[in-house]
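Take a look at the structures listed below.
Each of the next two complexes has chain A plus one other chain: chain B in the first, chain C in the second.
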Partner chain A sequence: MRGNQMEQVKLFQWINMVSFAVNDIVLYLDTHPTDQDALAYFHHFREVRMKALKEYEENFGPLTLDTTKPEHMWLWSTQPMPWEGGYC
Partner chain B sequence: MANYNMRSDCGCSQKMPQRTNTCPSNMAKRPMRNRPPMQQPCHDKSEPLSGMAIAMAYVPWQFMHETYEPDKALQYGTIFPELNKPFYGKGGCMK
Partner chain C sequence: MWNYEKRLQYPVNITQTNPQIAQVIISQFGGPDGELSASMRYLSQRYTIPYREVAGLLTDIGTEELAHMEIVCSIIYQLTKDLTPEEIKASGFDKYYVDHTLALWPQAAGGIPFNACEFQSKGDPITDLMEDMAAEQKARSTYENILRLVKDPEVADPIRYLREREVVHFQRFGEGLRITQEHLDSKNFYAFNPAFDCPRN
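Then we have the complex of A and B:
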């Protein structure tokens, strides 16, 4: 596996991990809306996730519509599809 | 047992309203006695709770303590170590 592809896979795995962390704390917050530790956890991992998504977008293309930057070219449909090794 | 469900202020002791029949006509005509018995696909497997009395379920209030690192959390399916329980079932049945 090429180094660049390795980095892509690692970053994608990291995004999956922190996205899960965000999703799981959201479930907790649904029943504990004033828990300050949980809110701090949510803010931390949401920030980490957004940073990772931005880094992924800058290097490999957008994973979510929120991180698309279609100023010059619409990458959403022109980057590799999941069955072509892409992730979105 | 205490009259836990007999409080008058919560409306619990009031008679349940009658259900109106909202089933499609083909379901409404289906006689109860001809229904097949409930499927029990796991009946022949070991059942650790077999013979125990049916009880009320409860969910204790959760407090946030330690959390897993993101890699472990994704692997275990929870960020909370106290919710990382062994699940023995497979395909809807006990192993």
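Then we have the complex of A and C:
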């Protein structure tokens, strides 16, 4: 584990942004399943999001169980919860 | 199946407690047009919707409402964190505190407990989608009522985000209603209930 708090806040905010892009386009795709531009947008941000989630886990701990690394201790339940304020 | 992601959909970082405004905002947790109602409404209705795009939409919006419930609860939690008995008494929070201490419990601002009678799952797609569109508008109005009372920008910021999502969900449900009507008899949308009289149309 490495990285400072400013990097952590920046990456966390980036994850919130790209995750929102994914959430929002998913609702649009539900009612417009053949929109090619929307499909390309979804796949682009889905990939960017996965990359950011993995990078976050690598440096600061997991936000999803799917990105938990075997070599780390069990940080899933020992790190702060989202409602505590600040950044995980 | 659901997976938890350890972050809020929109960040909540409130540094000043305010139990009085928390008692107002709690309506969007367990009140008539709150996020718990919204989530349970869509996640209950989706099984009998005969059109997959609309069932998918109800699943994804119902899931997002769970994330909104978490945002509302985080706001209330941070607004009431570490209160002293004196602050509880002075703010009028004592009537909530006596039953729940500082825990989150779904109720309306007026103290009425969360109740499934606040939403409907009717088993008729037009009826259900009309209810969903109305629900999004009612929640938008409630957030606007809250914004008129909130002065703290740290509280107003996530409330504004939640309000905007109501507008987007209303738009998407309108599209879901259009998809539903395209499957029906254009001369008489009410000729039959596609979820009961003619399940595969």
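The definition used in the following text is that the second predicted complex is superposed on the first by the 73 of 88 C-alpha atoms of A that agree within 3 Å, B and C clash if a C-alpha of one lies under 4 Å from a C-alpha of the other, contacts with A are read in each partner's own complex, and residues count from 1 in each chain.
The rule we apply is simple: contacts are C-beta pairs under 8 Å (C-beta built on N, C-alpha and C of every residue); 3 or more make two chains touch, one makes a residue touch a chain.
Being a predicted model, the structure only gives us computed values, none of them experimental.
Once chain A of one complex is fitted onto chain A of the other, the partner contacts of A:Leu63 are limited to chain C, with no touch recorded for chain B. Contacts of A:Asp30 after superposition: chain C is touched, whereas chain B is not reached. With both structures placed on the common chain, the touch criterion links A:Phe45 to chain B but leaves chain C unconnected. The partner that reaches more residues of chain A, of the two candidates chain B and chain C, is C. Contacts of A:Met17 after superposition on the shared chain: chain B is touched, whereas chain C is not. Once both structures are placed on chain A, chain A residues 16, 20, 24, 28, 31-32 are touched by chain B and, in the other complex, by chain C. Against chain C, the residues of chain A that register as touching in their complex are 12-13, 15-16, 19-20, 23-24, 26-28, 30-33, 62-66, 76, 79, 81-83, 85-88. Considering their complex, residues 14, 16-18, 20-21, 24-25, 28, 31-32, 35, 37-38, 41, 45 of chain A touch chain B.
Within the complex, the chain C residues that touch chain A are 3-15, 53, 56-57, 60-61, 64, 70, 73-74, 77-78, 168-169, 172, 175-176, 179.
Partner chain A is touched in their complex by these residues of chain B: 62, 64, 67, 70-71, 73-74, 78-80.
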